[in-house]
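Chain nomenclature is as follows: A, B, C and D, assigned in order of appearance, with residue numbering initiated at 1 for each chain independently.
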Amino acid sequence: MPTGYVHHPLFYWHDTGTSAGVVPADPSAGIQPFTHVESADAKRRSHELIHTSGLLATVKVIDPREATMDELLRVHTSDHIQHLQEQSELPGGGDAGDGFSPVGRGSYRIARLAAGSLVELVTAVTEGTVSNGYALLRPPGHHATADQGMGFCLINNVAIAARHAQEVLGLARVAVVDLDVHHGNGTQSIFYGDPSVLTISIHQANCFPPDSGGLGDNGLGDGVGYALNIPLPAGTGHAGYLHTMREVVLPALDRFDPDLILLSAGFDANVFEPMARQMLIADTYREMTRLLVDAAERLCHGRLVSAHEGGYNPWYVPFCVLAHVEQLSGHRTPVVDPYVGVVAADHLLPHQREVIEAAAQLVAGIKPAPTNSAA
Amino acid sequence: MPTGYVHHPLFYWHDTGTSAGVVPADPSAGIQPFTHVESADAKRRSHELIHTSGLLATVKVIDPREATMDELLRVHTSDHIQHLQEQSELPGGGDAGDGFSPVGRGSYRIARLAAGSLVELVTAVTEGTVSNGYALLRPPGHHATADQGMGFCLINNVAIAARHAQEVLGLARVAVVDLDVHHGNGTQSIFYGDPSVLTISIHQANCFPPDSGGLGDNGLGDGVGYALNIPLPAGTGHAGYLHTMREVVLPALDRFDPDLILLSAGFDANVFEPMARQMLIADTYREMTRLLVDAAERLCHGRLVSAHEGGYNPWYVPFCVLAHVEQLSGHRTPVVDPYVGVVAADHLLPHQREVIEAAAQLVAGIKPAPTNSAA
Amino acid sequence: MPTGYVHHPLFYWHDTGTSAGVVPADPSAGIQPFTHVESADAKRRSHELIHTSGLLATVKVIDPREATMDELLRVHTSDHIQHLQEQSELPGGGDAGDGFSPVGRGSYRIARLAAGSLVELVTAVTEGTVSNGYALLRPPGHHATADQGMGFCLINNVAIAARHAQEVLGLARVAVVDLDVHHGNGTQSIFYGDPSVLTISIHQANCFPPDSGGLGDNGLGDGVGYALNIPLPAGTGHAGYLHTMREVVLPALDRFDPDLILLSAGFDANVFEPMARQMLIADTYREMTRLLVDAAERLCHGRLVSAHEGGYNPWYVPFCVLAHVEQLSGHRTPVVDPYVGVVAADHLLPHQREVIEAAAQLVAGIKPAPTNSAA
Amino acid sequence: MPTGYVHHPLFYWHDTGTSAGVVPADPSAGIQPFTHVESADAKRRSHELIHTSGLLATVKVIDPREATMDELLRVHTSDHIQHLQEQSELPGGGDAGDGFSPVGRGSYRIARLAAGSLVELVTAVTEGTVSNGYALLRPPGHHATADQGMGFCLINNVAIAARHAQEVLGLARVAVVDLDVHHGNGTQSIFYGDPSVLTISIHQANCFPPDSGGLGDNGLGDGVGYALNIPLPAGTGHAGYLHTMREVVLPALDRFDPDLILLSAGFDANVFEPMARQMLIADTYREMTRLLVDAAERLCHGRLVSAHEGGYNPWYVPFCVLAHVEQLSGHRTPVVDPYVGVVAADHLLPHQREVIEAAAQLVAGIKPAPTNSAA
C-alpha cells in the first residue's frame, strides 16, 4: 500500500511578507525589509525534490480540501477563527496573535486548506487506502493554541486531525510526537488536561517559546502524565536524538498504546537551521522515521500521519524531508544527501544524556492509557 | 565644478511589499505573492554602478535631509501628508491613494527624505557649489498630485523642489521636463494654472494614467500654454526621442527662458522596460542629457537638476542612469553599455513624426514667459 | 476528451546562472551579477496558477520522458548534441553556442526531458487519448538551429516533435505557428527547404535575432512558399495580432491543410514583457488560441499541440498561459486577469496594417501542400 | 580620532553563483539551484545599517585599492595567485581550490581589492590617522592557506595585512584574534612556525574544517606556543565567549605583548546563523569588542584592525556588525537589536568551561614574545 501525500501550491502562496527574518521591517528602527524566514522556499523545494527524485511516483496524492467550521471549532475558539479571517482580509495582511505570525491576504483560506488536508490524510490512513502519510503543509500549526496563533502558526493542524480521529474516525487514543525543534506548546496546551491524547515534544531547551516545555510540565488534572517534554540542550545531534527516541519516545508510546500516531514533523533541528542550534542530518530524520514506523506497526496497524511544521533552511530541509518520506514509503531514491560530507559527526554528551534520562524516568510514571469507555 | 549627487540607503528601504508586480497579492484571486516592480533593485544597482565605475569619485555628494512641513505644504494638502503618515504607521503598511502606491512601514519618513534631499540639491545648484545635479530618489514623485499619491508616487519631489526654487531661492521661472515614460500628471496638475512653471512631458500615449497627457492638454487659465504634452506612440525609440527634444523640448525651453530646469528623470522608456513599450538605449539618455545640459547653460547658468522617477528593469536602468550622470558631470567612465549589441537600431516612423510635429506646433503658440514682477 | 498537459519541476531547475538579465555578469566591466531573465519564475508561477485555479484538475497530465538520441538526431547534428552534453558537465555550466544561451550543470538532460515530453504529448494527441495539448517546457527551443543553440534555446523541441509526427506517427504535413515575439529562426532554418512543414512566425520586426524573419524570407528550393514571416512593428497589440491571425495565419493554414498544428507558444508579446515591445493581454492569447483550436478542428481533427517558448515577465505571463490553456481545454476558471484594468486598449495602426497586408499577399502565393507520396 | 572604515560595492559583486547553500547545484543529483550562502546580503545590509543608523557619519572612510603583487606574494604562492586569476577569467567562474570556494568572473580583482584595502586600513591605523578600524571585506580570507583557497576564502586578507605591518610598517609582533565560528586554519597555517605572529582562534569544535583547530595544535618549531585554539562545543553562547575572552584571549595577548592586533571578525557565531551552532547575540560582539579595544589600548596604542570574515544570516549579522563598529568607534546609535527579545539568555555550562580552562592552561605556557632582533 502506498504512502499518502498531501501538497498544494496554495501552501506556498501563504504570504509572510517582508519581515527581516522574524521581525517586521521597520526602516526607522534600522530594520531593513527582507523576507520572512518562514517563506515558501524550504517547502516548495522539498516538494520538487520529492518529485524529481522519483519518490512522488510511488506515493498516493491525497486531494486537499479546506477544513470545515466544525472541524476548526473542535480545537479553536470561534473568536480565534474570526480573528484570522479578519486579519486575512486586511489589504496588507495582519497577524495571528503574537506579532510574529504573519497572516497574508487570503491566508485564512490557506490555513484551512492545510488543516482540512491533514484531516483527509488521517482519514485515508485510518480507512486503509494508504499505509501512512505525510502532509507538506504550510502554514504550520503546532504553536497555535485554542485561542491564538503564535510562532508563525495560525491553525493547529495536528490538533484538528487528532480530534477528527477521535470524534469521527472512532480512534480512542492519539499520540502526538513533536519533533520540531521548538516546543509544541500549542498542541500541548490543547490536550493538557486530556488523557486520551499523549503529547511528546522533543525540542531545544528554552528556545521558543521561552520558558516553555520544561521536563516538569506533564499535564493537568486527568491529563497528568499525558504530556511529556524532552528539552534537549543546544548542540544536540544524531546520537542525542536517537537516544531520546529509544529511551523516551518509544517506551512512552508502548505504554500509552495509541490507536494513531500523529507526527509534528518539524525539520528545524537540522544542522544548518537558522532558527535553532541542533545538529541533525537527513539520516537522523530517516532513523527516527524508521523507529516511528516500526512503533506504529507494532501498536496501531501502522497508522502514522506526519504533518510538516517548521524547518527553514531552504537548501537542507528538502533532503531531510526526502529521507523522512522515503522511510515512510519504504522507497529509497538514488538521491544522496550532498551535505553529509561537510558536517562533522557528533556524539552523545553527558549533559545531553542527563536530560534524556530524566525524561526517561517520567515514562515509567506514565499511567497505562485509560481504556476507551466505548471499548 | 562637480555635479551634485544625492543618494541614501533609506531610499532602498522603502518597502513596496509582496505585490505581483503592480497588483497586491491575493491568493484567492490567483495572484501569487511576488515583489513589487517598483523595488529597490534598479536604484541600488544604479548607485553601485556609479560607484564601481569610478563616477562617484568625480561628483559631490550632497547630504540628504527630510523635507520640512513647510516645504511639503507648498505643494501638498495637509490631509494628504497626514494620510501618508498614518498609512506609514500601519503594521503592514498601506497605500498612498490609488491602490497602486504602496506605503511601507516608515515610508513617510523616507518620502520626506527624498523630497528634502532634492531641495538641498536644488539649493546647491542655485548657490553654485555644484554645477548641476542628480538625485537618485525613491519613492518617485511625478504622479503624486496635491492631494493624493498615485502610480507608486507618494510625495511630488520635483514640485516641491520647484516651489522651493521660486519661494526661497528667488528663481522666477522653472521648467520641468519629464522624460519618464508615463505622463507626469501629478506635476502637471500642480502647476496647471501657473504660468511660472512650464511642464513638458514626453510619454507613451495612453499608457499611465489612462487618458492623461493628451496633445490638447495645455494648461488652465493663466497657465494655458505652460503645459506641453508629447504622447509618443508605443515603439518609439532613439530617433523619435531625439527628434522630440530638438523639435519640441528645446524650442519650448528657449521660448520660456527658465531660471532653472528640473528634470523628472524616469528611465522607463528604455528598451527592456517591463512597464512601457518604448525603445531607448543608454545612449539616448546620454544624448538627451547633452541637449538639456546645453540648454541649461544657454538659458539659466547651467542650472539643471535631475530627479530619478521610474525605471524598473533592474539590469538595464543602471546603464541608462550611468550615461545620464556621466553626461551631467562631463566625465566618461570606461563602462560600455553591454546590451547595445543585442538590440536593433530604430528609425523615426511617420506616425511618430506626426505626433512630434503636432506638438511642435504648440510650441510656437507658447506665450513668452511672463516676466517676474520683481525683475 | 481532456487537454494533455506536460510539466515537470526539472524544467524549473534548468540553471541559467547569474547573468545581468541577458549578459553574463562581469564586475570588471560594470556588469553586476543578478538573475538571468530566462529564469524559472514565469514558468513555475504559470504552473502553480494552472493548479490553484482548478484548471489542472481538468487536464490529463502526460508523463515526461527524455528524448531518445534518435529523436534528437532527426533535427540536430551529433556535434551539437555532444557539445550540449559537454557544456552541461562543466562545473560552472557553459553555453549552447552564441554566448547568450546558458547551459547549466545538468541542463543537457533537462533539455532532453523537454523535447521528449513534447514528443509524448504529440503522440497522445495523435493517438487521440487527449484532444489537444500544452507543454510547459523549459528550456525553450525555437531559436535552436540544427547545429547550434541560440537565444536561450538548447534543443528545438518543436522541430523534434514535428519530425516525430512525420516519421513515427505518419502525419504528412505539419504546420508550425510561432507566436513568440522573437523570430522562430531555428525552426524556420530546419525546415527551410522542406515543403512538408509550413513555418509561420509572427514576431516583432528586427528584434531577435537581428535582421531575421523578414517578409521576403519564404523558403528555399522545394521549401519556397512554406516559410511565412510577419514582422510586426514594435507597439503592436491585440487588434494587430488578431488581424494577423485572420488575414494571414488562418488562410495560410487553410491552404496548407496540415495534419498537425504545432504552436511555438511564446508569451513574450505581452504588454509587460521586458524582452520585447508588443502589447498583448491575456485575452489576446485567449482569442488567438480560440482561432487556432477552430482551425485545428476544421483541418486536422483538432490536433493542436502547444509548446511553451519565451515569456519573461514573472507576474503577467501566468495569466496569459492560463487564458491559453483555458481556451485549449474549454474550461474557464474564475480567475480574472488582474492587470487588465491598468493597461489601455489598443487599435490597429496603419503602419501595422501595411505589414499584415503584405504578408497576406504572400499567403495567396502558397502552393497547395504537396500530397504525401505514401498517401 | 575616528575609526577607519572600509567598504566598496565591488565586494558585493563577488559572484558565488547558484549553489544550493554550500554545494554546487546539480539537478541530476537532486540539488536544485539556489543562492550560495556566502552571498552579498549580510554584508550589504551591514553597510546599509551602518549608514542609515548614522554611524557612517562618525567614521573615516578609507579608500580601497587592490593589493599589489608584492603584497600578495608575502603570503601566497605565485601558483595560487595565478590559479585565482585563471579561474576568475573562466566564463562561468571557477573555484579557489577545495570545490567549496566559488571564484566568480572578475573575483580575482575583487579579492585583491579586499586584501589591499585592509593593508590601507592597517597603514592608517599605524600612522595614526584613525584610531582603529573595521573593513567590511568580501570575499573573506581566514581559511585560505598559502597555496590554496578554501571555505569561501580566496586570499588571506588578514595574513597579508599582518605581513605588511611587519615588513613595511615596522611592527614586530602581530596578534591575530579569530572570532569567526570556524577555525582560522589558513591564517594559522601561514604563521604556524613563526613566533612573531600569535594566532588565537575561538571556534566551534570540529565544525569546519573537520578535525582542525584542536586544543593541542600550538605551532611548529619556533612557532610552538604561538598558535592557540579554543574549540568551543556547539551551543556555546554569550557567557562562554566572554569567559573565553577573559580567561584565554586577554591573558594570551598580555603575555605576547603585540604591536598590532588584527581581528578576523567572523559574525557566524551568532544565534541565528545557518553555518554554525553557537548562540551569540549582538551584545556579545559588543562586549568582546570592548575587551579587545581595551587590550589594544593597553598593549599597542589602540592598534586594533578588524576584518570581516564569515557571518551568513542576512537579517541578524547587520546588528552584530553594528554593535561591533559602534564599540570600535565609541559612538552608540539609537538602533536596538530587535531580535534580542526572541532569543533566550544562556549560561556557561560545565562542558564548555572545561574546554576554556584547558585552553587557559596553554596560555600560561606561552613564552614571552621574542624581541625583534632589529630592536
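Everything below uses one rule, namely that a residue touches a chain if its C-beta (ideal position, glycine included) is under 8 Å from a C-beta of that chain, and two chains touch if they have at least 3 such contacts.
In UniProt terms the chains read A, B, C, D = Class II histone deacetylase.
Note that the coordinates shown come from a computational prediction; the quantities given were computed from them, not determined experimentally.
Fewest steps needed to get from chain A to chain C, stepping only to touching chains, is 1.
Contact tally for A-D versus B-D: the pair with more C-beta pairs in contact is A-D. If you average the CA atoms of chain A and of chain B, the two centres end up 51 Å from each other. Chain A and chain D have Cα centroids lying 38 Å from one another.
Centroids built from CA atoms put chain D at 44 Å from chain B.
Of all residues in chain D, those that touch two or more other chains are 10, 13, 26-27, 29, 32, 48, 52. Chain-to-chain contact here is organised exhaustively, every possible pair of chains being in touch.
Partner chain B is touched in their complex by these residues of chain D: 8-10, 12-13, 47-48, 51-52. For chain C in complex with chain D, the residues that touch the partner chain are 10, 13-15, 17-18, 24-29, 32-33, 90-95, 104-107, 109-110.
Within the complex, the chain C residues that touch chain B are 20-23, 26-27, 29-32, 34, 37, 41, 45, 48-49, 52-53, 100, 206-208, 210-211, 233-237, 271-275, 277-279, 313-316, 318-319, 322, 333, 335-336, 338-339, 342, 344, 346, 349-351.
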